[in-house]
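What follows is chain A paired twice: with chain B in the first complex and chain C in the second.
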Partner chain A sequence: MSCLLDCQTFCILTFGEINEMMKNWWKFLAVILLTYVTLFSLLTPLVPGGLAVNINEIKIGENNIEFTGYNTHFNTDQANLRCFISVGQQWIEGKVTTIESDAKFQFSVNLPDTLPSTQVAFYAYTPTDGAVYVSSAVGFSDIVIDSNTKLPDLKNKVSNEEHKRWGFPFQPILFETIRNLMFHVPMWFSMFFLMGISLVASFKVLSGKWEQDVIAVSSAKVGLVFCVLGLITGSIWARFTWGTWWTRDPQLNGAMIVFIVYAAYVLLRNSIEDENKRARLSAVFNVFAFILMILLLMVMPRMVDTSLHPGKSGNPAFSKYDLDSSLRAVFYPAVIGWAMLGYWIYTIQKKLETLKQASHVE
Partner chain B sequence: MKSQNTIMGGLVVGLSSSYAAYLLNGDVNDGTFLLSYWCIAALFAGVHTIQKDQFNSHNGSGSLYYQLTSPRQFATVKSIYNGLFLAILFLFQWAMLLFYFGTSWTSINNMTTMFFAIFLIGMAMGTSLSFVNGIAQKTNQPGGITAILSFAVLIPVLYAAVALMKKEALADQGQQAQWGWLLIVMMNVLPFGLSNLLYPYLWRD
Partner chain C sequence: MLNKIFFTLVFIASAQLAFSQSVLEETFYQSGKINVVIAVILVILLGLFFYLFRLNKKIDQLKK
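Right, the complex of A and B next:
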């Protein structure tokens, strides 16, 4: 009998816990998503790419060129390694002379006295890596440029596919820092999400539902944390890609202003003791802050022609790079995962704020 | 409390001035230096004017106004009055700057747009600070809160003002100004619109 009761108690407790866990399914999902995002964003290799060539000027006759690749397999696949120079839409094949490593080889190429274009790119091809290239600005020594020039056709053409392996896009300047996309951009999405919750709650406060104030402040505070994280991750990214921690960019200045405005919102709240008054005053300022945030981060940067920031002033956003969808496969879960984490922190913060208000602890 | 207000006020002016100098690229040559000077003078004038023009005047006359009109109308009148006052004051400051330092350091493309830019900057600062002051007057520390919130709303105004003035007064070709016009217009419309919409909630009591 006693054993039966113990078993029943155990079942009730277990099912109770399972029931409780089921209510928090989204927290488990957030953990799974962020684990996936962290692992894949850090462990996914970059696809092969061309890093550099050691030539500034090409001349008539033989040119010796050193080609440096990244994540390439020149040595491993040396039997199939081929190299080319593209001139406009036409091709000249070179001859591999020395292979130093998987990432470096030398080749020579004979150039005629007339070329059809000034647009020159250096290609290396292996079946493993596909075609990788370096598009480099080079000078022309004694070579005449004539757009009517017809170069001899290649004997054995190769596929122009860039790569066949799974990996993040290889982008000059960005290189390995492209992984920061999974951390930097979702911070801003999460911030918008949380500030949106705060805005809705503020409207409710203004319509007389004072209890919504705790939602407004909790979500705004967590949103502010995500704003700081966005600024920090952006600053680190800028250091590695632009060479500076901060630059005079409208997107960056706008983000900093948003931070200041929301910091003022928190300071405003801390300065008012009366709960109802605090709720109303901060709700009014919150509406102002949110509209200003949209203006500064979503509208204004798109009107500027001189922004360095991707997606602004003609700089391509990542959707253009992401032809093989490898970034999307991690980026979208990252946005959802970070937003869910933000929401999770917000629920904890809300409990804390409720306790504070109940106990009148500042 | 008074000393706290003084410190906060000083902090606002100090930080805003530093930010103005930062936005002007930190070059203290003739044009940018004098433009910085004008911005700082405008800031002093704006903050000081709004601090003096409190929604609740000390002698209690503010409550008399509410007997006559609604919070919405009161906010509208205050915003327009302060905005126009600062716009005229800024134009006057600009005229004084030209009077003392001549016109050789400027390179004005179009006098009408220049005039319009200064007018909008004044109006934006007036309406923004009135909006902030309206909130701050309902707290226990209006001076301190005005200082804190002023800093937050003045930065976007300053940001737009510097871009517009660099473009209009110094003919800086590298300066993009379309976003500056949008921002300064929004800094007029946003506080003014929100004052009208939300002050009835704010000033219920």
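Right, the complex of A and C next:
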């Protein structure tokens, strides 16, 4: 009998616990999503790519070139290694001289006295890696450029096919930092999400439910945290890809203005004593802040064409990444996961704001 | 006490930054710039932990 009772209480407890867990299912989902995102964004390899060539100027006759690759298999696949120089749409095959490692080999190539184009790229091909290339600006000593020149056409012999390995795209300059896409970019998405909650609450305040002010201020505060994190991480990323912590870029300056406006929203609220008045005034401010944010971060950067920032005009880089399925498989869960984490933090912040208000009333 | 530790840390960090600009660049440019990703993740984690820690402390104070 007692055993049965024990069993019953046990069952009731677990059901209670399960019930509690069911209510917070989204928190578990957020943890699972972010674990997946962190693991996959760090463990997915980059696909092979060309890193550098050690040549600044090409000349008539024999040129010795050292090709450095990244995640390549020059040594493992040395029997099938081939190298080319592409000039315009035409090709010249080189001869591999020494293979130092999987990532480095030397080759020599004989160049004629006339070339059809100034656009030169260096290719290495193995069946494992596909064709990897480095296109760097080179000088020409004594070589004449004539667009009518016909080189021995190797185009059909050169396999320009892509590698078959799964991984994040190899982008020059970015290299491994492409993984920041799963950390830096979702910060901004989370900020938009939280500011959206804030906006809806502000509309409710304006239609008379002024107790919704707690929601508006707590989500704006957490959104501001994500804004700061986005600014710092973006700055670090910019330092090692663009070469500077901050640059006069519409997207960057817009983000800074948004930060200042929302910081003003959070700080200036405190200067109004009357709660009702504070709620209504800050709601109006908040609506304008949101409109400003949309204009500065979504509209304005697309209208000017001097932006380094991907996804904006003059730089189609983001759409190129976005199309890559390996990035998408991690990027979309990352956006949802970070936004959910933002919402979670917002619920805690709301608790604090409610407590604050209650202590004020007392 | 905490302030002192904080300022000492900031001082050491800035001194290091000024002193070893090239060391900094070497660390961040090597092995495909992977350390930039590590730095970004650390900033986000530390930032969120710091924020949540402060939040927790404030809630505890108000509850009392």
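The definition used in the following text is that the second predicted complex is superposed on the first by the 349 of 362 C-alpha atoms of A that agree within 3 Å, B and C clash if a C-alpha of one lies under 4 Å from a C-alpha of the other, contacts with A are read in each partner's own complex, and residues count from 1 in each chain.
One rule holds in what follows: contacts are C-beta pairs under 8 Å (C-beta built on N, C-alpha and C of every residue); 3 or more make two chains touch, one makes a residue touch a chain.
Just so it is clear, the structure is predicted and the values come from calculations on it, not from any experiment.
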* To do: Could you look at A:S359 and tell me whether it touches chain B, chain C, both or neither (first, second, both, neither)?
  => second
* Of the two partner chains, chain B (first) and chain C (second), which one does A:F240 touch, if any: first, second, both, or neither? -> second
* Now for A:I215: first (chain B), second (chain C), both, or neither, which partner does it touch? -> neither
* After superposition on the shared chain, which partner residues are touched by A:K351: those of chain B (first), chain C (second), both, or neither? -> second
* Could you look at A:L295 and tell me whether it touches chain B, chain C, both or neither (first, second, both, neither)? => first
* What is the contact status of A:T177 with respect to chain B (first) and chain C (second): first, second, both, or neither? -> second
* Asked: Does chain B (first) or chain C (second) touch A:M303, or do both, or does neither?
  -> first
* Looking at the overlay, does A:L252 come into contact with chain B only (first), chain C only (second), both, or neither? -> neither
* To do: Using the touch rule from the top, collect the residues of chain A that touch chain B in their complex.
  => 206, 248, 250, 253, 257, 260-261, 263-265, 267-268, 271-273, 277, 280-281, 283-285, 287-289, 291-292, 295-296, 299-301, 303-306
* Structure fact -> chain B residues touching chain A in their complex are 23, 25, 131, 135, 138-141, 144-145, 148-149, 151-153, 155-156, 159, 174, 176, 178-179, 182-183, 186, 190-191, 194, 198-199, 201-202, 204
* Could you pull out which chain A residues touch chain C in their complex? => 38, 42, 46, 70, 174-177, 179-180, 183-184, 187, 225, 228-229, 232-233, 236-237, 239-241, 341, 345, 348-349, 351-352, 355-356, 359
* Structure fact -> chain C contacts chain A in the complex at 28-29, 31-34, 36-37, 39-41, 43-44, 47-48, 51-52, 55-56, 58-59, 62-63
